[in-house]
Every structure is written in C-alpha cells, then in structure tokens.
Amino acid sequence: MMWDDRPVSRFGIVEIEDLPEDLRERLAPIVSRTGFTPNIFRALGRRPAQLRAFLDYHDALMDSDDGLSKAERELVVVATSGANRCLYCVVAHGAILRIRSKEPRLADEVATNPHGCELQPRQRAIVDLALALCREPELFGETDLAAARQAGLTDDEIWDIGSITALFAASNRLADLFALEPNAEFYTLGR
Amino acid sequence: MMWDDRPVSRFGIVEIEDLPEDLRERLAPIVSRTGFTPNIFRALGRRPAQLRAFLDYHDALMDSDDGLSKAERELVVVATSGANRCLYCVVAHGAILRIRSKEPRLADEVATNPHGCELQPRQRAIVDLALALCREPELFGETDLAAARQAGLTDDEIWDIGSITALFAASNRLADLFALEPNAEFYTLGR
Amino acid sequence: MMWDDRPVSRFGIVEIEDLPEDLRERLAPIVSRTGFTPNIFRALGRRPAQLRAFLDYHDALMDSDDGLSKAERELVVVATSGANRCLYCVVAHGAILRIRSKEPRLADEVATNPHGCELQPRQRAIVDLALALCREPELFGETDLAAARQAGLTDDEIWDIGSITALFAASNRLADLFALEPNAEFYTLGR
Amino acid sequence: MMWDDRPVSRFGIVEIEDLPEDLRERLAPIVSRTGFTPNIFRALGRRPAQLRAFLDYHDALMDSDDGLSKAERELVVVATSGANRCLYCVVAHGAILRIRSKEPRLADEVATNPHGCELQPRQRAIVDLALALCREPELFGETDLAAARQAGLTDDEIWDIGSITALFAASNRLADLFALEPNAEFYTLGR
Amino acid sequence: MMWDDRPVSRFGIVEIEDLPEDLRERLAPIVSRTGFTPNIFRALGRRPAQLRAFLDYHDALMDSDDGLSKAERELVVVATSGANRCLYCVVAHGAILRIRSKEPRLADEVATNPHGCELQPRQRAIVDLALALCREPELFGETDLAAARQAGLTDDEIWDIGSITALFAASNRLADLFALEPNAEFYTLGR
Amino acid sequence: MMWDDRPVSRFGIVEIEDLPEDLRERLAPIVSRTGFTPNIFRALGRRPAQLRAFLDYHDALMDSDDGLSKAERELVVVATSGANRCLYCVVAHGAILRIRSKEPRLADEVATNPHGCELQPRQRAIVDLALALCREPELFGETDLAAARQAGLTDDEIWDIGSITALFAASNRLADLFALEPNAEFYTLGR
C-alpha cells in the first residue's frame, strides 16, 4: 500500500480540535512548534483519559535537564525503541534525538544496533542500563546497577533511565497495537 | 536475606502520609479497603508526578466493566506479568485476580504458564492477544488481530487488552527497577 | 473448562488400588501422610514399570539430608520447574518447599523468577547451578562449576543439584505431556 | 587436551566389577555384546541407586518393538540429543540408530539438524512431536498432539515418544554435568 | 568518540589508488558515479583477492533486472541487514534502496522492523523468504518455499532472494568484524 | 524418501562437464583428487558466475597455512556450520577436518556442540571468536577481540577467522536454500 493511503492508526484517529479543551490547549503549542501534529496524539486521542495520563507521565520524565540531559533522555528512548524495533518511536524520537544532540548520525546508529554502536562512555553506560531492562527485565539486577554506578550514574539518573525505558516499553507496544504511521516529516528532521 | 530485613524498594520509599494532598486523598480509600498500603504506592511516591500519572493511566484502563470485565482485565495483567516473570505484579495482581474471578487457582495457573494453561475460549483469546504484544511486540500484526476478532473480541476490547499489556510492560519494568517487594498479605489473599 | 471437569491426565489414570502390589504398598504411606493422592502417581500408574523407576530415581536424589538439605533439594526442583513453566511441578513442589523451608513466600518467589529473586548466597549458588543446566545445557561447563565451588558447594552437592535438575527436566516434560492437573490441595498447603 | 588424557567423567568413575552384584550381572551381557563398557555405566556407577533406576526407566521405554520400533525409539533419542547438542548421547545413540535402522547416514542427519532434515512422513511426525517437548516444553499442547494423531500415531506411541524425550532430557543433562566422554568405538560403529 | 576521529575499519584501510590495477579500474567508475569511495572497498582492499571475489559475487547477484528488479534486490539486502542490525549495510544499502525504489521512507521502515512493516504483497513475500533464511537458516524449508511460490515468485527469483540473503549474511559479518564505519554521505542520500 | 531418490539440490544441478571451460579445468583436479564431485559444485554450477566467485573467495581464505593452519581454518568452518546446523557443510567439511587434523573425533565433537566441546586453548580461542560472530553478529565487539588477542591470536588470524565465519554464513545458507545433499562418501572419509 502506498504511504498516502495508509491509515494513521488501525483504530482510527481523533483530530486535536475534537479533543477535550484541556488537551487542545496543551497540545496546541507543541503542534505549533513542531509544525505538524505528531500522529501519536491523533491515535491516542480516541481515549482522552489515556492521552492525558500518557502526556503527564511523558512530561514528568522527559522535560528535564536535571541529571540526564534532554538529549540523553532521548538516547534512552531511541535505544529501547530500536531494541524493540518500533517504527513510530524510532522515526519520531530519532528526529528529536538528532535535534537535541546536534549529531545527525547518532539516532540511526543507536536504533540500528544499540548493543554494538560506538558511543562515549557515559552514553554507553546509559544505553547498557536501558537495554538491561528493555527486553528481558527478569534478568535485571545488581550487576546492571553496579555497572551503571561504576560509570558514574547517580541513583536519580538510574531511576530516570529505568523509568524512561519502562514508559517506552509501553509506548512501543501502543504504537505496534495501533500500527501507528510516523509523520513523513520526522524522517528528515534534523539530518 | 530474610524477608523482614528486605527493603521495599531499592530507591527507598515515601509513606502515604508524606505524599502531596491529592495523592493522600486518592490513596486513602484504597489503603483502607485493601487493609494495607500496596508497596508500589510507597516506591513510586518518591516521584509524585510519576505516581499521579501512573494512577491515572491505570484507572483509565482497569476501573471499567465495559466490554472486558474487571476480572478479564486482571487476567491480562497476570498473563503478561507472568510472561515477564515480574514478582511484584504476579503476586499483587494474582491476589486481585483471585478475588475478581472467584477462581482461587486461576492466577497461579496463568502466571506459571500463560501459553499453555487451560482456559475458556474467550479467556484464551484474551491471553493470546496479550502475549502476542508482550515479549516480541515487533512480530505483532494482522494475524493476531484476526485471531482475536475470530474469537469475538471487539475493537474496543482489543484496544483495552493491548493497552493493558502496554501499561504493565511499563509496570513490570518499574517493579524490576525498584526490586519491589510484594506485601506479604498479597500472597494469601483470595486463596 | 471448569477445574472439576478437567481430566487429571490427557492419557487417563490408574488409581493406587489398581496398581501392582509393590507400588500399592509403597505409595500407601505417602498418600496417608499427604492426605490425598498426588496426581503424578495416578497418571504414571498407567505404566507401572515407569512409575517404579521414577520413584526409585526420585527417592535416590530427594530423600536425603546429606550435603544438601531436603529444603535445598526442593529449591532446585522449584527453580527448574519455574524456569520450565511446569504448572504441576511448580504447584506440587512449591507446597513441599513451603513445608520443608518453613518460608511461605519462597516458592512463589523462586518459581516466578528464579534468575532474579532475592536469595541467601548459598541458595543463590544452588539455584544458579541448576539454571545453568536447565534450559541451555549445551552451554554448561567449567565456568558454572567454578562458581559453584567458589560458593562452597562440594562435588557431591554439585552432583546432586545437577542430577535433580536432570530428573525434573524429565518430570516437567512428563507433566506437560500428560497435561497433568495439580491436586487442588497443593495450592494452599504450607501458606 | 588429547583424547586419551581426558577423564571419562568430571566426577570420576566406578568400573563394572566394583558395582553391586545385581548391576554387575545386569551389565555384563550388555558389555559382552557391545564389546566395550559404555562410559555412562562407569560414570553413573558412582551412585548405584541412580544407575539402577536409570537402567530400569531406560529399559521400560527402549526395549520394546510394540508400537514404535526400536529404531524409531532411537530416532527420538538422537533427535532430542541433537537438539540439546549432547555429545555423548549423539555419538553413542547415533551408533545404535545406525545399527537398528541399517541406514548409516540417518543419525548424522538427524543429530545435525533435527528440524530440517529430510525424513519419511512417519519419521517426521515422530521427530516433530519429540522436538515440540524437547526445548520449550511450556509451549507443548493440543496442536502438537493433533499433528501427531493426524500422522497416524496412536496414544501409546505418543506416550512413548514424549516419555523418551523426557528421559533423554535427563540423560543429556547428566552427560553435560559429568562432561561424559563418548567411548571411541561409538564414533565408527554401524557406518 | 566523535565521528571524525573514528577509524573506518578496525584493521586499517587501503585506498583505491593503492589497489592492484584491475581493482582500481573496476572501482574508479563506481567511485566517480557515487561521488565518494564507499568504505567497504577501503576495508576489504587490505586483501585484494577477497575484495575481487566479493565484487564478483555481488555483481553476479545485484546487477540485474531479470526477474527481481534492482530495487527488489536492495530490499532483500536492507531487510536482512536490518534483521542482523548491521549498521554499515543498513545505512549504505538503505541509501541505494531509497534511490532505486524512489520511496524515501521504505528503507527506514524495512530496516527498523522487517517482520512487521507494511509492504505490498510481492514485497512482503520477498522479505519473508529472506527473513526465513536470515537468522535461523536451520528452520528453512518447504513451507517457506511454498509461501514464496504461492505469492508468485519463480524459482529463479527464489534462488536470487536466497543467494542475496546468503551474500549479505557474509557482508554483515564482515562489517561487524571490521567495525566498518558508514560514509557520512550515505545517511542522507535519496531522502 | 530414501537417500538414492533424493535430488542433490532443490533447483537441479549442472554436471562439471557442462560448465564453462575455466571452471571445468579448475574443478577437474579437485574432483580427481577427492575421488568424486562434491555436490556444492553441481548445485552452484547452475550459475557459473556465482560458482566462480564462490571458489575465488573460498580459495583466498582456505588455501593457506599462513598464520592459521589449514586444519584450523576447517575448524572454524565446522564450528560455525555446526552452530548453524548445516548438514552439507558439517558432513563435507567434517571430513576435511578429520583429514587435515588427523583427529578422527574432532569434527563430530565440534559440530555437535561447538560451545561446550573440549579443545586445546588455541583451538578454543579460535572457535569462540567464530561463534561470537556466527549467530548474533550484532553483539560482536571489543570484548571478543580482546579475548582473542589475550589468547595470542594475531590481527591477521582474527581477520581470517572472522572472514571464514562470514563466508560460511553464506555457504550454510546456500546449502539450506538448495537443500543440498552431502555426497555419501563424505560421511566416512577420514574416520
């Protein structure tokens, strides 16, 4: 099927203007700044309470430069979304990572092979901790924490890396559930 | 280490009475009804904004008998938490499933082997859909949806099953991140 | 299907009183002490020679406090049966482990996540050795033995841990072959 | 290390003549017929009660042409031992399969790739059932049984295939536990 | 490490002008047409005989529009390189696929999730056949061939898809062996 | 199907005498020395350009005693072909390894369990490096190289081990694609 004929979500969408007022007002500046409406808002808008809680959780973890920089937070997202092979999150957050890190190749490298790509030591420690919790969380334990601490990550940073990994474990699965189509704009942003 | 010496969470806890007022008021009736404070509240209370968003997302998906019954929602939680081998969620939601389903053996069966345990056809379709998204979400697709629809699940039910699976993909990883200790009471509730 | 309508074994059963005399006499005190007839005896009773050899092998490994305590032997059984997701063995031997260890939560913890659950150092060494041989025996080797010896396990204890893991590799598969239903009593014994 | 310097078993051996009388008398004709003492007897002889029970279980399943032929029983052993990459069982039972099937290439084919090797339809059904229970027994279920029955296998044959798979799940792990060295003679027997 | 400081290959490189004459003459027009020297030539140039044979094998399979179009041949490369998480091949052949298919998003979709991405039926059949041989070739068999034929693929097309998958099984591993750095130009070509 | 009725390749064969003259002249001495025509030549002969390039790549890596001995090169082939469960390569190169190493049991040991078989330290380092690149090349990295260097392998030897692993990643898949039947003679050569 050609891209233009593909549905945004398997379950249909709700446009921003049809959302409850608090969500309209909250999303308007994001849409204005981005230049388009990220499709996750349209898809999750079918259940406003889910969208609202998702945004709250997202903002609590991603809108901060305290400890982890915003670029490092996006690095966690791209690494775990790459490990999970989630198209929407790799493409959308790959764009955000390019913008935030100002390194146009980093997102493709991390998403293609988060285990083996070449990173600076702090980045590698961040990604390794995320990967340890991402696909086989039942094996996560003290060994992973010790390596993170050894690399200089604080407990608050470890909490954030783990929590972002957890949040995108959910997001990746929502995108797969919806067969969520990335906006075309994301593919080239920040390259 | 003996149970009584184990920390509730690797990152420390915040007691309910030390949470912001809205969270105190929201959790008080749950604690009162349950008879004890589920440890997830204490552990996540370290970050009130995360706890608040988590509760909102949880309630949007779990507090409903529309389409899926509450017992069926807990069935999804126990199946995916069992697949992920998450101790806290298996023990805590196993207790809730026993209570909601009034079937004292169901939770142990589903958590031990969600793939192979014997279930009624509708239950099996629910669990199979959840498992398809749980561990290898990159393989989720039309085949899984067709099987769910063939078994009579509606699109709203499919949305809910997938969204609950996604939410507990996050919860399981938070519990592993925290090394979250289940309250002793959960082990025997509803048996 | 409701529990009471489920067959004990996919291949039918033979009651104790219909077994050859030596097996009747051997099993009678176990049934009397337990208060009910564990379903494995009924299912395997269809082939008395197999049942007899299985009991002999079981008793040679499990009825001893020499080196490994009886509780530690059951710990191996529950860890490997949990790793293999075998409902019958998890439920039946989980009950025995609760009784022998006098720790009512240990069996649920170990069966749910034998890799990550919190254990005392000697218990962890026992479980790690069992897990090394349980699912990918082709990778078992000197590294696993060295870790076991480093933790203080003797060669006789290592032999026993490995042999019990091997025996329950067989038992788990027999239970799955039979779709063996755990006796309802096992679910609550020792809690 | 050169072959001649390698120990037969990591835990030492007991020669046949040092075993209890019943085992000596039982093994003597096998050794005489084979022309050498299979090393599994020497290694397991360290615990006569285990050796005795193992032989009893083995003979109850392998010494019969009722339903499954003896060659078909060895086919199950070689397929599951190949899937488990167990050197001793592949080499020793590969030799027996060559002798019993009178097909000198069959054992190497089945051990190297039990999933994909070319077999006659009844052989393929036997091997597929064994493989379904061999590595991921938690996924074994009605689908596997239906395929076996569709191929004409009786319930007694299914019982035997599953039970032999279970027995060698144990044997493979014992051989790995012992680092059991195959007798040199097995490599060329029946070629 | 910053990109500009990274070595092209872990084993050093040989520039085109230092290659034997036949290779210089063969590669010059490719370099001229591409506008830069793809790093695989530099890395493999350390062993001219390997480079020569690799180019011969590559050209025998990739420089043809007979049966499979050139875009379809690149689709196989990107799908299998994505499945293998090979950075160099995903980035370099992703660029070629964008150019040959004139679909700027196709390569990112296929490389990120070759199993689940949305494709036209003939593309899906091509990718499914490639994936069947890519990661677990021991499971490849008649079922995969039947699906390919059912989708209309001829035996010559099946041969080509399988052979390209095999060639890039090698290429991916060479790139990983060399830690081969993709040329920066490939990241944006054809977007 | 009986062996004698099996096709050599799923896609038909071309006999040596029907190949282009350069290939006839090149293969004649190999066939003469071997005493029979290895089936890979017949199967790949359907595409002479592929056969020619394959032979060139093969000879560039395998016909040398510089650094790695020829027996060590075959050891890499048998280890990776065993890991990939490729019947043709295990049987054909198992024979060559027996001849080159003069150790009649080595090939069966390595092919059956390349991870766990007992080897001399240099052999183990060679096999470990090959296995690190064989099945999950995305995890290959500095740790594997450091272990190889620690064992005394030079960079040229590491290049060769990795390149042979890559070549046979291709060969194994071609054999599976063709359902390539090993010549009967290979099964007993060198025993």
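The first chain written gets the first letter, and so on, giving A, B, C, D, E and F; residue counts start at 1 in each chain.
Here is the rule we use: a contact is a pair of C-beta atoms (placed from the backbone, for glycine too) under 8 Å apart; a residue touches a chain by one contact, two chains touch by 3 or more.
Note that the coordinates shown come from a computational prediction; the quantities given were computed from them, not determined experimentally.
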Shared interface partners, meaning chains that touch chain B and chain E: A, D
Label of the chain whose CA centroid is most distant from the centroid of chain F: B
Chain F against chain D, contact positions shared by both copies (same if over half, else different): same
Between the pairs D-E and B-C, the one where more C-beta pairs touch: B-C
Distance between the centres, which are taken as Cα means, of chain E and chain A, whole angstrom: 28
Approximate Å spacing (C-alpha centroids) for the pair chain A, chain F: 43
Chain B and chain F, separation of their C-alpha mean positions in angstrom: 50
Two or more partner chains touched - positions in chain C: 85-86, 113, 115-116, 138, 140-141, 176, 179
Chain-to-chain touches, reported pairwise for every pair that qualifies: A-B, A-C, A-E, A-F, B-C, B-D, B-E, C-D, C-F, D-E, D-F, E-F
Residues on chain D engaged by chain B in the complex (per definition of touch): 138-141
Of all residues in chain C, those that touch chain A in their complex: 113, 115-116
Complex interface listing, chain A residues touching chain B: 10-11, 46-47, 49-50, 52-54, 56-57, 59-61, 84-86, 133-134, 137-138, 140-141, 145, 155, 159, 162-163, 165-167, 169-174, 176-177, 179
Complex interface listing, chain A residues touching chain E: 1, 3, 6, 82, 85-87, 90-91, 103-105, 108-109, 111-113, 115-118, 120, 176, 179, 184, 187-188, 191
